[in-house]
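Both complexes shown next keep chain A, but they swap its partner, so chain B is in the first and chain C is in the second.
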Partner chain A sequence: MDGNSSFGNERKADNKKRGRHFNVRTLFIILMLAYPVLHFLVMWVFVNGYSIALSFQRYFSTIRPAGYDKGWNFVGFDNFKNLFNLIKSDENTREMFANSLMYPVISCLVTLPLSIIAAYFMYKKVAGSSFFRVVFFFPSIVPLIILTLIYRYSVAPDGLVNVLLQKLHILEKGEIVSFLNVFGEDTAAGAVYIFCIWAGIGYNIILLNSGMGKIPQELQESAMLDGAGPMTELFRIVIPLTWPTITTMFILGMMSCINVYMQPKFLTMDKYGKTVAWMIYDYAQGGRPGDLGQAASLGLFCTVILAPTILLVKHFLEKCFADVDF
Partner chain B sequence: MKKEMIYRRTGWTKALFVIVFIIFAVLTVTYLYPLIWVLMNSFKQQSEYINNITGFPKNPGFTAYAEAFAEEVSGHKGATLMSMFGMTIAVATVGTIITVLTSSQAAYILAKFNFRGAKFMYAVVIFAYVCPIVGTLPAQMQFMKTLGFMKNSFAEYVGVIFLYSGGFGFNFILLHAYYKNLSKSYAEAAYIDGANDFQIYTHIILPLSKGSLVAVFIIQFIGLWNDYTTPAIFLKDAPTLAVGVSLMTKTLENNSNFPELFAVMVIVLLPIILIFSVFSKTIIENTTVGGLKG
Partner chain C sequence: MKAFKSILLVLAAAIAATSLAACGGDNEGGRPTGGNGSIVIKYYDGGYGREWADDLASRYKTIHPDADVTMEADLEILGTMTSALQSEDPDYDIFISHDITWQYYALEGYLANLDALYAKKLSDGRTFADALSPANREYSKFDAGEGEHYYKVNWTQGAGGLIYNVDMFEEYGWEVPETYDDLKNLCAQIVSEARPVKGGMGGQTVVPFTWTNENEYLWDYVVFEWWAQLAGTEKISQLLQYDKANNYTNGFESFNPDTNYKEFKQAYQYWYDLVAKNPNYSVSASNAQTKLAAQGQFLRGEAAMMPYSHWAYYELKKANGGDDIGFEVNLMETPLVKGTQRYNYLVGFGDSIVVSKYCHNMDLAIDFISFMAEPESLVSFTEKSQGAFSAFDYSVLPAEQLARLNSNPFVASVNKKLTTETNFNLYSNEPIAYLTSATVQPWLANKYHYVPAFAGKGTTDNPDDVFAEMYSTAKANWRSWLYNAGLV
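Moving on, here comes the complex of A and B:
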C-alpha cells in the first residue's frame, strides 16, 4: 500500500505526448467513474436527502385537517412529536425498539466471540476443519425464507426435534423443547435469537478464519517455540493480528439493529418480535403515501442516534491495537 | 519437521481439540440433518406426513413435486416455480454483471490513479458503507415511483436492475483491495508499447483480475438470487423465487400440504447447492473482510 503503486505521477519526456496522455487519461477516469458516481449521487446522496425531507412532510388525501393541501405538506416536527408520543405512551413501540436493540447485543457479544474461538480452532486445523468450513458456509447461501422454514419445521411442537427426542425417550410424550418454540408468546424472542446465532455463526467463522489465514506462519512457529499455550496464542497473537476484521464485523453486527426484520417475520409468521426495520418495511410495502413521512422520521431518528455511535465505536476499536502490515 | 512441531498437541490441549471437534460435529448435524429430513418428507403423501414425521417414506413418490410445479402463487396469475426461476435468473444475472462491472471500474480507478479528490471519494464510500442512513426505503419508493419505474412489469424490472447496479458497495471494497495490491508492471509495459488506458483496462487489467471478478460475481449472484426486500417492494408484478416462495408458503400451510412445501424447498435449493458445490472453494477463499479505514 505505497504511493508508488499508482500511475498518477509518471513523467513523460516528450511534452507533446504528455499533453495528449493527460487528456486521454482524464477522459478515461471520467468515463470509468461516470456511472458509479452518478448512481451514488442519485441513490445515496439524493435519496438520503429526500428521506430527510420526507420526514418533515405528511401526505393528506381529501379528508384532511384545515389549512393543509391535498398531497404532500410540510408539517415541521409533527412526525417526530408523533413518534415521541408513541414512545412515551405506546408499549408496542417501546417493545419494537427493545427488540431491535437485542440484535446487536446478540451478534456482537454472543455470536462474534463464539465465532472467534471457533475460528481459532479451525485455524489450528482441528480434525476435519476443511470439511467443516464447507458445511458452516452452507446457511449463508440458502435464501433466508427457506432457512427459516427449515428451522421452523424442525423446532415446531410436532416437528423434527421434538418428535425425535420423544422417540429417543429423552422427552416424555407431549413434552417439547420449549425454549426453541417460535410459536409461544414468551419463547418466540429467545427462539429467534437462537436461530440468528445458529444461522450466523458459520459465516462469521469463515470470515474470521480467512483473516487468520493471513497471519504469517513464522509467528505461529515462534509462539510455539516460546511455549505459548492456545490461550496465550489466541489472545496475544491471533486476536490482535485479525483485529481489523473483527472491528469490521463488530460494526456490521451493530447495524443489525436497523436491518433485521426477516428473521422474526418469517419465523413467527408475522406474529412476534416487531423491529424498526420491519416497521419501515411494512410502511413501504403497504404503499400508503400517508405512512411514508412517519416511516422516514422513524428512520431519521434512528440514524441520528446510531450513526455517531457507530463512528465512535469504530474509532475506539481501531485504537485498540497498533496497525500491522504483513 | 516444521509441520509436526506445529500440530503436536499434548494433555489438556488435546482434550480441548477433541471437545471442539465434537461441538463442530454437532453443529454440522444441525445444518445437514434437517435438509435430509426435508428431502425425505418431500417424497411422502400428505396423509403420511402427519403420522410419520421423522421416518422414511413408506411409498415414496413424486406427487408432491408434480403439485409443486403446477402450483400458482396466489394473487399472481401464471407465477409458477418455473416462471419464478426465469425471473430470478433474469434479475440476478443481469444485476450481477452490471454491478460487478461498475464496481471493477470504480475500484480500479480509485486504487490506481492519484487524481484530485480520489482520497476523498474513497473516504465517502467507506463512510456510506459503515454508516447507512436508516429508513430510506420509503424515500426510495417514492423516488422510483416518480421516475416511472413502478408503472408496468418491464419498468419494474429495469428499476430493480438500476437499484442493483451500484458500483460502491461491498464488491467495491473487495476489488479495491485487490487492485491496490496488483503490480503495476504489466500496465507499465503495455503503456511503453503504446497502449492507452482504455486498452490497458480491457486487455490487461480485466483478464488479470479474472479470478477475483469471478469470485465477486458468484458471491454477488447468490446474494441477488436470495434477495427478498428489493424484489418484494419494487417487483410487484412478477415475483422472484424468494418472494414467491414466501407467498406460496402461506397457502400451502393453510392447506396443511407439507410434502408439497418440502418439495418446493428442495426445488429451490437444488440449483444453489449445485452452484455452491462447484464453486465452494472460490467462494470460501474470497469471503473475507479487512479493516475499513477511510
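Moving on, here comes the complex of A and C:
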C-alpha cells in the first residue's frame, strides 16, 4: 500500500513535471513560429490576395445631383483589357516591358557566365585571385544607393573614368565614354546593364565559391592524373557539380525581370529605363486610386506569364546534370 | 537550465514583439512625441531646407508655451502619406508637401474640413481666407459629396526662369535681356567675346548657360512663360479642362499641336532654336552632368546663366559648402517673345498643407496653420529659405519688413517677378489629372525633350516631331486614361 502510494505520487509528480515541460515547450514553439506564420499571413497571403482582388476592381468617382458617388467596382477583366490596349498603343508601356525583359538576359547570359569564370579562377587560387576577390566582392558589401552614387559620379562627364582617360589622352578633352553615360536617353539603359553586371558578379561569386568549395579534392586530383586541363575541369567537373547552385542563380536571374527597379531609378535619377517593378512602385507611391487596379493587373499579368516559364526552365535545367551527393 | 530556458523565452518574446512593432506605423515607432493634445507635422524635406520649420515651431512655442508642436522633415513623405491619413490614430496630424492628391483624400474622407481655418481671424483682423490670393483660395475648395469646402491650404508661391551672375554681367557690360532677340544676341556676344574663366585652366571661356540632365525640367520655367506670353492664360486654363463639358470625350484635343498646343509648340521652338541648335551656348556636358556639377560651374563663373527656380540661392549656397557664394545672383524676368505683358509661372503652386480628419488637436492645428500666415512667419519663411515665398499675401508687410526681405538681391528679384508679373499655373482640378498618375501634364508622361534635343545638337526631337508624337500618344491612349480615372 505504502509502496503503491509512493509510486503513484512519483507518477503524478512526473506527469506534472512533464506537463509543465510540455507547456513551456509548446509555448516556446508557438513563440518561435508566431512571427514567421504571421509574417506569411500578412505579407504574403493578405498582400497577394488583396492585390489579386484589386486587379479585378476599379476606382470610380461620379458627380451626381446628390453629390459624389465613389468607390471600388468589380470590373472583371477590364483592367487587363486596358493593359493590353496600353501595350498596343503606348510606346512607354512597350519600352517598359522591353527594358524589363533585358534584365534576365543580362543576368543569366552575361553576369552568370562571367561569374562562373571568375569564381573558378578564385577557386583555383590563380595569381592575384585574392586581389580580385576584394574587387568583385566590394559591390556586394556596399548598399545599393551608395553603389549607384559611386558609379554615377565615376562615369559622369567630369567623373573619374572620363577625366582619367582624358589625362591619358585616350579621350579628347571634353569627350566622354558615351556608352557609360547614365544620363543619355539612348545610352542610359546600356549603362545600367553594365552597372548590373559589375554589381551582380560579386554576389554570384559568393554563392558559386561556396558550391565549388564543397567539390571533393580527390575528384580534382583524379582529373589531373587523367590529364584534364582547366577547361575540362571547369566544364566536366566544376560546372556539373555546382549545377544546383547555378540553377538557383539562373532562376533568380530570370526573376529580375519583375523585381529590378532601384538600379535604373537611382542611376538615372528617375529618368530612363523604366521597368515593370518601377512602374508598379510609381503607381503605388503616387497615391492615385486610378492607378492601383492597373498596377495590380500588371503585376498579376507578369506573374501569370513568368511563374510557369520559371517552373519550365527549372525543370529543364534540373535535367541537364544528374544531382550528385558528395 | 531552467533559468536558461526562461531567458530564451523572454528573448524570443521580445524579438517577436519588436519585430511586429516594426511592422506598424510608418515612422518606425509610432507618434514621435507628445500625447493626444499635441500635433505632429510632417513636411517635405526639399530645397527650402529645415531652418524655416525649426524657426516656425520655436516662435510658435514662444507665444504658446503650453502648445506641443513637433515638425519632422521627410524626403519620402508621399510614400507613407496615404496609410498615415487612413489611420484613426495618426502618427502625423498635418502634412506639408508637393504632389498631395488632396482631392482623392477629400473624397475618401481622410481630410479635415478646413472651413473654420479659412474663417479664422488673423492678428491684424483679416480672415485667413483674405490672406490668400483668389487663385490660392479657389484651388483649395472641393466638393467631396457634402458641398464645397476647404480641404487644403496652398503652401508656396514661386518663380522660375533664368538666374544670372550679376557681377559678371556688370563687369563685362552685358545688358540683362528684355526680349528673346536680346537674349539671342547676348548669347552670341558672350560666345564671341570668349571671356576667360577666372581661375580656369586650358583657355576655358565663359559660356551663356550651364544646366543639368538631372533637372532638365528647369527649362520648363522659361518655356512655360513663353507659352503664356504667346497663348494668354485664358486659353491655357481652358485646355486644362480636357473637354470637361463633353464628359472628357475629346480631351486629347488639348494636345493638338495645330490648335490648343500650337503656342506651347512655338515656345519649345524658341528654346530649340536658342539652346539645342547652338550647343556652344551651353557647357558641353549639360546633357550628361549632375546637378552638383552644373552648380559648381555656375559658382566658378564658367557660365553666366542657369535655368533655375526660387530655391536656387539656397541650393547654390549649400553646394558651396554653406558659404556665401561670392557674387550677386538674380532671377531674370523671362525675356519677351511677344508683346509687353510678362507672366510668372507659379512654381510649386500645387504644394499643399492638409490636415488629417483624425487630427489629435484640431484647434491647435488650425491655430498653428493660421500662425503661418502671420507677417512675421512670412518674413521668416522667405528669409530662412532664401527665396521661397509662402502662398500668402506679402503686400501687408510693413515697409521695414519688406525692405528686410529685399535686402537679399536674389529674394528681391523673386519678389519682383511675383508682384509685378501676371501669375499663372498649370494646375488642373479635373479627375483625369488627380485620379491617375501624371500622364496628363504639359509634357505627356513627364517625358522631357530638352536633353535629347541638346544631345542631338538640334537634329533630333524637333518641335514638329515632339508635338505630333504627343498628340498621337494622347489620342491613342485617351480612352485607357479615362478608364483608369473611372470616367468611362
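FYI, the second predicted complex is superposed on the first by the 276 of 326 C-alpha atoms of A that agree within 3 Å, B and C clash if a C-alpha of one lies under 4 Å from a C-alpha of the other, contacts with A are read in each partner's own complex, and residues count from 1 in each chain.
Operating definition for what follows: a contact is a pair of C-beta atoms (placed from the backbone, for glycine too) under 8 Å apart; a residue touches a chain by one contact, two chains touch by 3 or more.
None of these values were measured; they are calculated from a predicted model.
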Contacts of A:61 with chain B and chain C, given as first, second, both or neither: second
Partner chain(s) touched by A:314 [first = chain B, second = chain C, both, neither]: first
Chain B versus chain C as contact partner of A:179, first or second or both or neither: neither
Greater residue coverage of chain A in the superposed arrangement, chain B or chain C: B
Chain B versus chain C as contact partner of A:158, first or second or both or neither: both
Which of chain B and chain C A:74 touches, first, second, both or neither: neither
Partner chain in contact with A:32 - chain B first, chain C second, else both or neither: both
Partner chain in contact with A:282 - chain B first, chain C second, else both or neither: second
Which of chain B and chain C A:235 touches, first, second, both or neither: neither
Chain B and chain C contact sites that coincide on chain A, given as residue numbers: 24, 28, 32, 35, 153, 158, 283, 285, 287, 289, 291, 293
Complex contact set, residues of chain C against chain A: 5, 8-9, 12-13, 15-16, 19-20, 23, 78-79, 81-82, 99-101, 104-105, 107-108, 143-147, 202, 213-214, 284-285, 287-290, 293, 431, 434-438, 445, 447, 451-452, 455, 473, 476-477, 479-480, 483-486
Contact set on chain B toward chain A in their complex: 2, 5-7, 13, 16-17, 20-21, 23-25, 27-28, 30-35, 37-38, 53-54, 102-103, 105-106, 108-109, 112-115, 121, 125, 128, 130-143, 162-163, 165-168, 172, 180-181, 183-184, 187-188, 191, 196-198, 201, 222, 225-226, 228-229, 232-233, 241-242, 245-246, 249, 258, 261, 265, 268-269, 272, 276, 280, 283-285, 287-293
Interface residues, chain A side, partner chain B - complex: 1, 3, 5-10, 24-25, 28-29, 32-33, 35-37, 39-40, 43-44, 46-48, 50-51, 54, 118, 121, 124-128, 131-139, 141-146, 149-151, 153-154, 158-160, 163-164, 167, 198, 201-203, 206-207, 210-211, 220-221, 224, 229-230, 243-245, 247-249, 251-252, 255, 258-259, 262, 266, 276, 280-281, 283-285, 287, 289, 291-293, 295-296, 298-300, 302-303, 306-307, 310-311, 314, 318
Chain C-facing residues of chain A, complex: 24, 27-28, 31-32, 34-35, 38, 42, 58-63, 66-70, 78, 82, 85-86, 89-92, 152-153, 156-158, 173-174, 176, 181, 183-186, 269, 271, 282-283, 285-291, 293-294
